[in-house]
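What follows is a set of structures to go through.
In the two complexes that follow, chain A is the common piece, with chain B as its partner first and chain C second.
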Partner chain A sequence: MVSLLRNQKVRNALLQVLYVGLLAALVLAGVVIARRNLAEQGITSGFDFLYKSTGWDVNFSLLPATANDPYWWFFLIGIINTLFLGTVGLMLATLVGTIVGLARTSSNELARLLGRTYVDIFRNIPLILQVFFWYAIITHLPTPRAAHEAWGMLLTSRGLYVPVPNVGGIAFAAAILAVISAIALPLWLGRTSRLSQPFGERLGIQLAAAATALATAAVILALGRLPDGPMLDFPTLRGLNLQGGLRIPPEFSALAIAIAIYGGSYIAEIVRGGFKAVGKGQMEAALSLGLSPWRVFTLVRLPLALRAMLPILANQYVWLMKATTMGIAVGFTDFFMIVALTINHSGQTLEVIGILMAGFLAINLSLAAIFNRINKAIALKGNQLRG
Partner chain B sequence: MEMVVVAPPAPGKIEDLKRRFFATPLQALLSLISLAVMAFIAWKLLNWAVFSAVFTTSGGPEACQAAAGACWSVIAARWRIILFGLYPFDEQWRSALACVTVVVMTVLSCLPAFWTGRRIALVWGAGTALYYVLMKGGVLGLPQVGEEAWGGLALTLFIFVTTCLIGFPLAICLALLRRSELPWISRTTALIIDGVRSLPLISILFTFAIVLPFALPQWLVGDKLYRVILGSALFFSAYQAEIVRGGMQGVPAGQEEAAMALGMSYWQRIGRILLPQAMRNALPATINQFVISFKETSLVVIVGFFEILASGNAAYGTGEWRFAYVEVYAFIAFIYFVFVFSLSRYGAFLERRMSVGER
Partner chain C sequence: MNSSKVSGPAVRIENLDKYYGTFHALRKVNLSVERGERIVVCGPSGSGKSTMIRCINRLEEHNGGRITVLGTELDDDVANIDGIRREVGMVFQHFNLFPHMTVLDNCMIAPMIVRKLPRAEAEATARRYLEKVRIPEQAMKFPGQLSGGQQQRVAIARALCMQPQIMLFDEPTSALDPEMISEVLDVMVTLAADGMTMICVTHEMGFARRVADRVVFMDGGEIVEEAPPEEFFTSCRNERTRQFLSQVLGH
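So, the complex of A and B:
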């Protein structure tokens, strides 16, 4: 027996079995105790509860939701809300971050100072404090009766009311797709035909593509228009309440603003790092080839900086996506809040925690997969790049 | 032949300004826009925070609400709630002293003289013990104050300090386990680390505060505060473990091989060769992680703790100060800013200092 323990292989195997076994035993013991405790409260384990109706409602949903809908539908709503808020937050944060980051790398001292002040202030204040702050600001706006009005939008304590086209849901989605392709199509055309066609000809094709896409959008909107009411539905005050238009709830706007400002300060630093990573020789070579400063920026600095930032940016995006869980602080029904509510109402603790982990794992993995694809697609091929 | 080099005349102040800010029309435009933005914000902010602000409580909330600027009276009236939460009024000096203890401890551990494993452990162990005695009392004639009454800045600092104190050794253990040569140990540890990292901190805090009591035997449940601290420490250690591992990868393999050739045991190799060098490599990222986890202590407000953010909400949430939410949040933001900004400046200083050594 003792001689067996002296054997390195045996000892290693024993250690591993002990380590994994101990951890597994801990988890197992927890699950067993939890199931017994829950059973005492009359909660049967299993995933049957997913098909029961919830009996409570959500305050924000892109899909139709009522209190009669089953739990699995609410989980889906939660995931879509998280992804929606995350995507809006990411886009806004990227916009803010790019502007501030460019200011920080600019050759102008004052612009650099401005960018640096922004980053120093907003990066050093916790995100949840900023969420609370914006939520307090928005909910202290005037009531609908005394709303601020700007460009047809109404700013009130009950949310931001914006005018919407008076069209059916599917037609609206199709129109948005058409508008997106009006931007994406010319860019794609520009990429594929960069070397084969002269600049003027290419510009013509790009403009034509954009115009066609925009025209398609207009046709879709005209066709999908609902029979009653004007083309654009403006929010108006009727009695004590507001009618018409689209209401963006204060919870959503507070989170989106806070994520944009806080995330923007981190992305600004990533943008700055990316531009700093572009070798000075690259720029000097481009200038000495006679490229204009604008073309040096778009053809040399930006593409190289983009490649340097992307991996770090991907991490930041994953982080921001997880930051949407702050929704629970102000009552935005994101995935995590749905999970917390479900635990409160159904008591199916273990199953719901499992769903929570699986949900975030899925979100993280798919984001990572998307960014790996992009990274691979834009990586410099061959070995032209020397450090 | 002798050449006379004449230095160009020193540029005057105006020429210098011209060169720096108005070299080209585009530069001039950029400068002017930036200047205008800065002046506008600075004027608005100063006007609000200083010129038209009310600083005294003499007029009461009504006079304050009528003022055009900030109402700092709310801070003057409610600072005790914000800083100390629900801690008994007569004992709040203890809470203040406890905060000072934490600050002193942090400053001490920033000094290079304390950068040996033993000294840093001593400073943090003694500091946390002192904090605990001051806050909890029950000895030395101090009346006992339960954890449920702790709050405000003192609670924020306590959660931060204990998170680091538990999380840091745990991170080193996790990092060592992850680079173990035994495949099942390293794989299982990697699974734990990556699993924790893929979850948002709020969900972990929620699980530890509300779900864990179901999965523990009665005698192990303990106070909610300590469960939340454990959850937060676990989260911290999962991130910090990756930082430590990164630092270990930066240590050349020859170092460990040389140590082996000298006949050092595993623990000697780890403690005397690998870890000191790895920690040096990992220092900037570690400071950054401290900064992040300090900001993240604010998340405990969601599982119902009365830390500085919640006590701020309470400070303006009642009756007469309901309008003064901006001032309260600005005050809390300022407190966070002071802590986080000085820590991150210190990190930047360390990074510069270390890059000098490597040149």
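So, the complex of A and C:
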């Protein structure tokens, strides 16, 4: 018996059993206590409330929403709003971070100083203050009657009004996809090794691909056009209010700007670190082969820097995704705000918090899984690297 | 740049000065290398050997004097710099392969982009040179999956794929385990036998004796002595050279 307890494998197995047992006991105790307390307060638990209509409205939704819709529909709206804000925020933050990060690694002293000042300022101010700051600025813009106008867009205290094509939702999404591929396809064709043409002599193919994609976009827009109104729907002032166009509410803009600027300061440091991690030797080798500085950047420096950045970047993205919960501070109906409102109206605190946790877990675990896949796919192979 | 038709030396260095801040790394260095000539540059560490050959393809910018490569003067003109880099291959101490590309891609990327070679042609050239450095079977592997000696041979093949007229070697065997040094030196000997113009910074005195037309000894940023290997190893005139040689050959 003694000798069995001194066996390392037996010990490890016993510890595992003990650990799992303890965990199960904790969970069980939690559930029992919660049920007893709820019963004492006369609250019925369960998820039946999901099918009741909410009786309140949301101020921003990509899906049709009324006060008669059930709670589960509102949760879906909340998740989509969070994903939308998160995606826009992350993309903008990445853009800002890349520019500032590159400035910080630049050989130009002024650029370095500006980059450093930016990071020092925006990384050290709490996000919630930045959200309030941008929200205050946007809501103090002129009224619709005195709106700033630029390229058909109107900037007002009620939000940013942008012209939209007068087409159906699906056609619009498809057209956006086609426009994105008009940019991405030529880039890919310039980089891929699947073509026999040498690099730098693929302009014809690239132009053809871009033209085809753009033509596809035009056809989709023409086919999806709604019968009433002009092709492009411009926002115009009618009486005291604005009509037409797409309104981007101040809540959304403030959050997107704050996440972009705050997140950008963190991403800038990640970008800087990634570029610092690339060995000088590889760049010298590329230069010595006669590659231009731009090619050295796109073929050697950037790909190697990206590999150093991605794991940390994934972490930062997960963090920023959670930062969308700042929506509640300015009244943007993201997932968290919908959850908070639901708790107030339905009283099903535990269930709703559970849904909130499950939702964020699902979003962030998917994000992490995607990045893990990418990391694994582009990991450098072999263990004999130096320099 | 139709340099093969230009007469004159492959590399001419006149009164070369190089400073790192206030440190005077190269002091009025003069060196002329003929086409097809094999030069071995040796000297204690910090003597300016690497700095000198790195000036030849402008990995370091010189502060004074003139460098003329294949008839083109190396100045601030980007076209001249690019033209010279196309014709001058370089092999580094730490190989500096591109770790995210296969061995074959390492060898094909520059010919395809800089020389605008079609893919099939670039691949044929790459495979030919991988054969020449005796690792054709590793073409589809990544640098990190090869031994140091194999990586350095890939690096030589990568430089050769640009079909350069001059090859610079910056301590190509210093980072290698002893048993891998000879496989790299063998490739360099073959290259010398083919008539390549070579400037090698190395401490491999056996290699110097065997292939060098001239051995150049540097110390303190200056060329102290310059002689054919036999003369260099048997009857060098300078005290510093003698001291260095006794340390290198002493064991």
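Everything that follows uses one rule, which is that the second predicted complex is superposed on the first by the 326 of 387 C-alpha atoms of A that agree within 3 Å, B and C clash if a C-alpha of one lies under 4 Å from a C-alpha of the other, contacts with A are read in each partner's own complex, and residues count from 1 in each chain.
Heads up, the rule we're going with is that contacts are C-beta pairs under 8 Å (C-beta built on N, C-alpha and C of every residue); 3 or more make two chains touch, one makes a residue touch a chain.
If you're wondering where the values come from, they're calculated on a predicted model, not measured in any experiment.
K.L.:
Looking at A:I378, would you say it contacts chain B, chain C, both, or neither? Reply first, second, both or neither.
P.N.:
In the superposed model, A:I378 contacts chain C only, not chain B.
K.L.:
A:I248 contacts which: chain B (first), chain C (second), both, neither?
P.N.:
It touches nothing on chain B or chain C.
K.L.:
Quick one: is A:V300 in contact with chain B, with chain C, with both, or with neither? Answer first, second, both or neither.
P.N.:
After superposing on A, A:V300 lies in contact with chain C but is clear of chain B.
K.L.:
Between chain B (first) and chain C (second), which does A:Y19 come into contact with in this model arrangement: first, second, both, or neither?
P.N.:
First partner only.
K.L.:
Thinking of the overlay built on chain A, is A:S288 touched by chain B (first), by chain C (second), by both, or by neither?
P.N.:
After superposition on chain A, A:S288 lies in contact with chain C alone.
K.L.:
Output check: A:N364 vs chain B and chain C. Expected answer is one of first, second, both, neither. What do you get?
P.N.:
A:N364 contacts chain B only, not chain C.
K.L.:
Quick one: is A:L214 in contact with chain B, with chain C, with both, or with neither? Answer first, second, both or neither.
P.N.:
Neither chain B nor chain C is touched by A:L214.
K.L.:
Considering only the defined contacts, which chain A positions touch chain B in the complex?
P.N.:
Residue positions touching the partner: 12, 15-17, 19-20, 23, 30-31, 33-34, 37-38, 103, 106-111, 113-114, 120-121, 123-129, 132-133, 136-137, 140, 322-323, 325-326, 328-329, 336, 339-340, 343, 349, 353, 356-357, 360-361, 364.
K.L.:
Report the residues of chain A in contact with chain C in the complex, numbered from low to high.
P.N.:
Per the stated touch rule, the residues are 193, 195-201, 279, 281-282, 284-292, 295, 299-300, 303-304, 307, 378, 380-387.
K.L.:
Over in the complex, which chain B residues touch chain A? Could you list them?
P.N.:
On the chain B side, the touching residues are 20-21, 27, 30-31, 34-35, 37-38, 177, 182-185, 188, 192, 195, 198-200, 202-203, 206-207, 210-211, 214-217, 295-296, 298-299, 301-302, 309, 313, 323, 325-326, 329, 332-333, 336-337, 340-341, 344.
K.L.:
Which stretch or stretches of chain C touch chain A in the complex?
P.N.:
Per the stated touch rule, the residues are 57, 59, 82, 85-86, 88-90, 92, 94-100, 105, 109-110, 112-120, 122, 141-148, 151, 155, 158-159, 162, 175.
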